[in-house]
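Some structures to go through are shown next.
Note that chain A is present in both complexes that follow, paired respectively with chain B and with chain C.
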Partner chain A sequence: MRRRSIVRELQNNLLVVWAVFVRDITFWLRYPSWIFTFIALPYMFSGLFYGMGYALAGPSSLKNFASKTGTENAFLYYTIGSFILLFTELVLSDVSASIRSEQLRGTFEINYVTPTNKLVLWSAPVIPHGLMSSGIMIASTLPVVIIEAGKLDPVNFFIAVMVLFLGILPLLGLGMVMAALTMRFKEPWAVINMVRVILYLLSGIYYPLTVLPEYLRYMAVVVPPNYMVDILRDLLIFQRKVILSDYRILALFILSSIYLILGFSLYRRWEQNARRTGEISKY
Partner chain B sequence: MLGELVRFQSIRSRLLEVYASAYASMKIYFRYPMWFISDIVTTPLWIVIIFMPILLFLPESEWRNPEIIEAMYWGMIFLDLISLTLWGIGMSIRREQQQGTIEYLFITNASRAVIFSNRVFSRILSLLMDVAYIALIINLIFGVSITIVNPIELFVYLAISVLLALGLGMMYGAVVLYLKNPGALNNILQFIILGLGGIFIPPSRMPYPLNIVSLAIPFSYAIDLVRNAAMGTQTMIDKNLEIFILLVSTMASIITGRYILSKLEEVNKRSGKLGTY
Partner chain C sequence: MPAHAIEAVNLTKIFYSKERRGWFKRGRTKKIVAVDHISFKVRYGEIFGFLGPNGAGKTTTIKMLTTLLIPDEGDAWVCGYHVVNEANRVREVIGLSLYSDRGFYWKLTGRENLRYFAYLYHIPPKQAEKRIDELLKLVGLQDKADVLVEEYSTGMKSKLNFARALLNDPEVVFLDEPTIGLDPNSARAIREIILDLKKQGKTIFLTTHNMEEADYLCDRIAIISRGKIIATGTSSELKSLIERRDIIVVEASNISDKVIEKIKGVDGVAYVSKTIKDSVSMSGVLRIGLNGNSRDLLPSILRVLANSPIKVNFIKPSEPTLEDVFIKLTGRGFYEEEVNSQRATK
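Up next is the complex of A and B:
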């Protein structure tokens, strides 16, 4: 009997995920300009930094760059960084963005009269958005990875994609913390802005963490994109092998469990509080 | 006599619109003090995130070179200025669409440019704070003091640059009215202006043919004059000619912006797409 109810709940949750998937893909295809953004932005960031650096430093620029980063391939270095930045941005703000847009449209409370699991409902947009954007970004950055890195080891590429999927988990946990803040403070972008800028600073997406002061390097230990970008650069620029027992993969697993538990429990708590006090209908 | 009265009434009502728009914008800005705190916290962090990838190309001994840091500082201010109009106007239209209030605004006789520029008022306040605050942070991080050679000229050039950016913002806002979702276009437009508009890289240091493209973008002249007034750098071409180009392009940008905004409003009204998003 109990087993049957668990199966039914799972079925219902999958139906919610599917419904959100269909809805969000419809929205995305309604505004296809986003596809162009995901193709263009990694190149735009890289081109801008590369161009500015070269304009300032002249022919010795790449040697200076290599002395700090270990590679003269600045373009690929920044393309991978930009890729992780966009990916992080998307997963991080997706949950709170879906809540906030429901609040603004006046449809937020209506969801609460349905028997759907709200945690599933609010975190489900990560799946269509993550799949669409990472698919487009992988397809668009793959040519530059192959050209710039000389050759692409398929095993390394496969591990890189797996690392991206693993990276979604801790980021989703952090996304739930943001969602809890949205529930609590209504206009959440200011807080979210602060959190994400701190994350970017400590992620080393555009520079090696060695250029930061020592205390900031210690703080970077709890920042998931830091490990993601480091592994991706090892795999795609330096053509190094990364094994599953690598400490960075282990760190991503540990951070996933910490942030998921923190995110979901914080969200549950503030949601219950908002329901009790009537805050849920305000924005 | 009657004509003058009508003109006076029209100016008065336009000023009232500006007042109402600015009041609403400030009221919303100060309703969420977290925005202010967020600006204070994130600005120094953004400076590190944006400056560091560029500094990596320089030998470490050059990381505190005042000439480079000051040029990047004015680039940051310009970046702020451009994004205030693009995000200010574009997001304002988007928000009204999402809240379902855009149709009500369109049945009033208020100026569309004024209504949709409302967020610009609060963002100008934030820009003014940034000018002082970023200078302070740069001094703390890099030990470089930002000095201004000619403050009055600098103020005038910055004010004209805001107007130039407003014209662009109106054109962009019109496109938002038509395309609905502004985020993608905004990011791309901002990057094109940043990369090719001489904001961080002067056209003289760009390779051919990018330098020619850069000279066709009015922002190149605006930032060049700002650098000239602030840092005393040489202008790309004759200074008077640069001022003339800037003034003409600012007027052209505002006139074109207003025209496109009203044209696309008409198109939307006719096709019934005004209320859809």
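Up next is the complex of A and C:
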């Protein structure tokens, strides 16, 4: 009996995820200008920082770069960094702004009064957005990775994709924390921009964390993209093997648990409070 | 099966509103008792209307009953499920139409919107398609089902809203001002669907500030004013609360408070209420309740009207309506209270 209800609950939640998936993919395919953005952005960011680096350090820039990072291939280093930056950006903004944008659109209450698990409902947009954006970005950056790195180990590539999906979990939790803050402060971009600046500073996206002061390096321990970008560079630039018991994968698992619990409990608290104050159905 | 489809006991909701003055100064925090200890029961299969002016507490009540708000005091049950402790159970058995033209994804078609919400109600895909077809037919949107919602008129969005509220074949349907902002034809179509739903055995809880609509649709009506239920009963029971008296209806333009005061000054006039339909030409309707016989009093009233700048379109006698009941019970005109409540919240 209990098993049957668990199966039914799972089926119901999958149907909700599917509903959100179809809804968002339909939006995206009906208004496809975003595809060009995702194809172009990783290269645009990489080119920008590559140019800045050269302007600052001149002809010896790549040697300086190699002494800090272990590779002279700055373009590939930046492309992988840009890829993680955009991926993180997308997951965080999707989750943190989803509730607020539903409120402003007038669809929040109607979604809310359905008998769905709200945590599943509000976090489900991550799946279509994560899949579409990462699929397109992988397709657009893969040729560069192959050309620049010289070869591509299929096992390493598979692990890289898995790391991306694992990385969604802590980002989802962080997104929920930001969503709760967004609802508290009303203005989503004020919260999202503040968190994202701190996050990207400590993520080692365009430089190794070793260039940062020691106290900032300690703070970076709780920043998930830091581990993701490090693993991806090991796999794709340095062609190193990464095993499941790698400390960075364990760190991603631990951060997933912490941020998911924190995010979901903050959301629950906001929800209860909003149902009391009327905030939940004000718009 | 529980005895009542909806039961509310001492339901209360208080909001706190902060005043803002200039850029940095905060004014007082105002306590607003939106719903004040209301109790009522709705039977299975009936259309129960919540009639009251804007700001009376109708939508707040609906939001508490549909789990969107937690009451500050009191309890409520829908189909036997407690609205706070068993919120998800309540959501399974209700349908809600909260706004006539909001609450849709405009870049999806009508059918896609319904499909999305059907999945949120856990209706399996095959069953959902069948149900969506039935509902589109019911509301007369089959031909426009595959058009983006952004291209829908207000009336079409209202109908779609209606269809969505029925997706999960709910036992109780909550409709908040279902015909507000609609043209007469669309409003009539929606009213016919509501009556159809009643025939299917659905319980309908609707809020409205349209007295004719409440009179036409509802089996029983609760009149709500300033957060309190002031009377409950069938339309004829409510009308019997006021003594039989003659009522004169004057449709006119250039209506002013000065004229109303003059009419009130005529010996034998019990009350005058106004409904302004166009605030530029100040045209609208005056309802004049008389203590005496209309034949005796009409000449005096006509004299006042003739000596004032008011332009009369027609004058006719009328039967007592729910508005007269409202005036009798509150001492205020229905629309006067509406204007005052809007002023108070501004």
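Rule of thumb we're sticking to: the second predicted complex is superposed on the first by the 278 of 283 C-alpha atoms of A that agree within 3 Å, B and C clash if a C-alpha of one lies under 4 Å from a C-alpha of the other, contacts with A are read in each partner's own complex, and residues count from 1 in each chain.
Convention: contacts are C-beta pairs under 8 Å (C-beta built on N, C-alpha and C of every residue); 3 or more make two chains touch, one makes a residue touch a chain.
Fair warning: this is a prediction, and the values are worked out from it, not measured in the lab.
Peer 1: Since both structures carry chain A, what do chain B and chain C do when superposed there: clash or fit?
Peer 2: Chain B/chain C on chain A - fit side by side.
Peer 1: Quick check for you: in the superposed arrangement, does A:Phe157 touch first (chain B), second (chain C), both or neither?
Peer 2: neither
Peer 1: With both complexes superposed on chain A, which partner does A:Ala40 reach: first (chain B), second (chain C), both or neither?
Peer 2: It touches chain B, and chain C stays clear.
Peer 1: For the superposed three-chain arrangement, provide the angle chain B-chain A-chain C between C-alpha centres, rounded in steps of 10 degrees.
Peer 2: That angle rounds to 80 degrees.
Peer 1: Output check: A:Phe185 vs chain B and chain C. Expected answer is one of first, second, both, neither. What do you get?
Peer 2: After superposing on A, A:Phe185 lies in contact with chain B but is clear of chain C.
Peer 1: Identify the partner contact of A:Phe75: answer first if only chain B is touched, second if only chain C is, both if each is, neither if none is.
Peer 2: A:Phe75 sits against neither chain B nor chain C.
Peer 1: Taking the superposition as given, does A:Phe65 touch the first partner, chain B, the second, chain C, both, or neither?
Peer 2: first
Peer 1: Output check: A:Val16 vs chain B and chain C. Expected answer is one of first, second, both, neither. What do you get?
Peer 2: Once the two structures are laid over each other on A, A:Val16 reaches chain C alone.
Peer 1: Which chain makes contact with more of the residues of chain A, chain B or else chain C?
Peer 2: Between chain B and chain C, the winner on chain A residue contacts is B.
Peer 1: Touch check for A:Thr277: first (chain B), second (chain C), both, or neither?
Peer 2: Touch partner of A:Thr277: chain C, not chain B.
Peer 1: With the two complexes superposed on chain A, say which partner A:Met194 touches: chain B (first), chain C (second), both, or neither.
Peer 2: In the superposition, A:Met194 contacts chain B only.
Peer 1: In the superposed model, how near does chain B get to chain C, counting Cα atoms only, in Å?
Peer 2: Between chain B and chain C, the shortest C-alpha distance works out to 5 Å.
Peer 1: Residues on chain A in contact with chain B in one complex and with chain C in the other?
Peer 2: The overlap between the chain B and chain C interfaces on chain A comprises residues 31, 105.
Peer 1: Would you pull the chain A residues touching chain B in the complex into a rising list?
Peer 2: Going through chain A, the ones touching chain B are 31, 33-34, 36-37, 40-41, 44-45, 47-49, 51-57, 60-62, 64-65, 68-69, 74, 78, 81, 101, 104-105, 185, 187, 189-191, 193-194, 197-198, 200-201, 206-207, 211.
Peer 1: Which of the residues in chain C come into contact with chain A in the complex?
Peer 2: Within the complex, chain C touches chain A at residues 13, 15-16, 60, 63, 66-70, 72, 88-89, 91-92, 94, 96, 98-99, 102-105, 107-108, 112, 115-117, 119-122, 124, 164.
Peer 1: Show which residues of chain A lie in contact with chain C when the two form their complex.
Peer 2: 11-12, 15-16, 18-19, 22-23, 26-27, 30-31, 105-107, 109-116, 121, 272, 275-278, 280-281
Peer 1: In the complex, go through chain B and note every residue touching chain A.
Peer 2: It comes out as residues 32, 34-35, 37-38, 41-42, 45-46, 48-49, 52-54, 56-59, 62, 68, 95, 98-99, 179-181, 183-185, 187-188, 191, 194-195, 200-202, 205-206.
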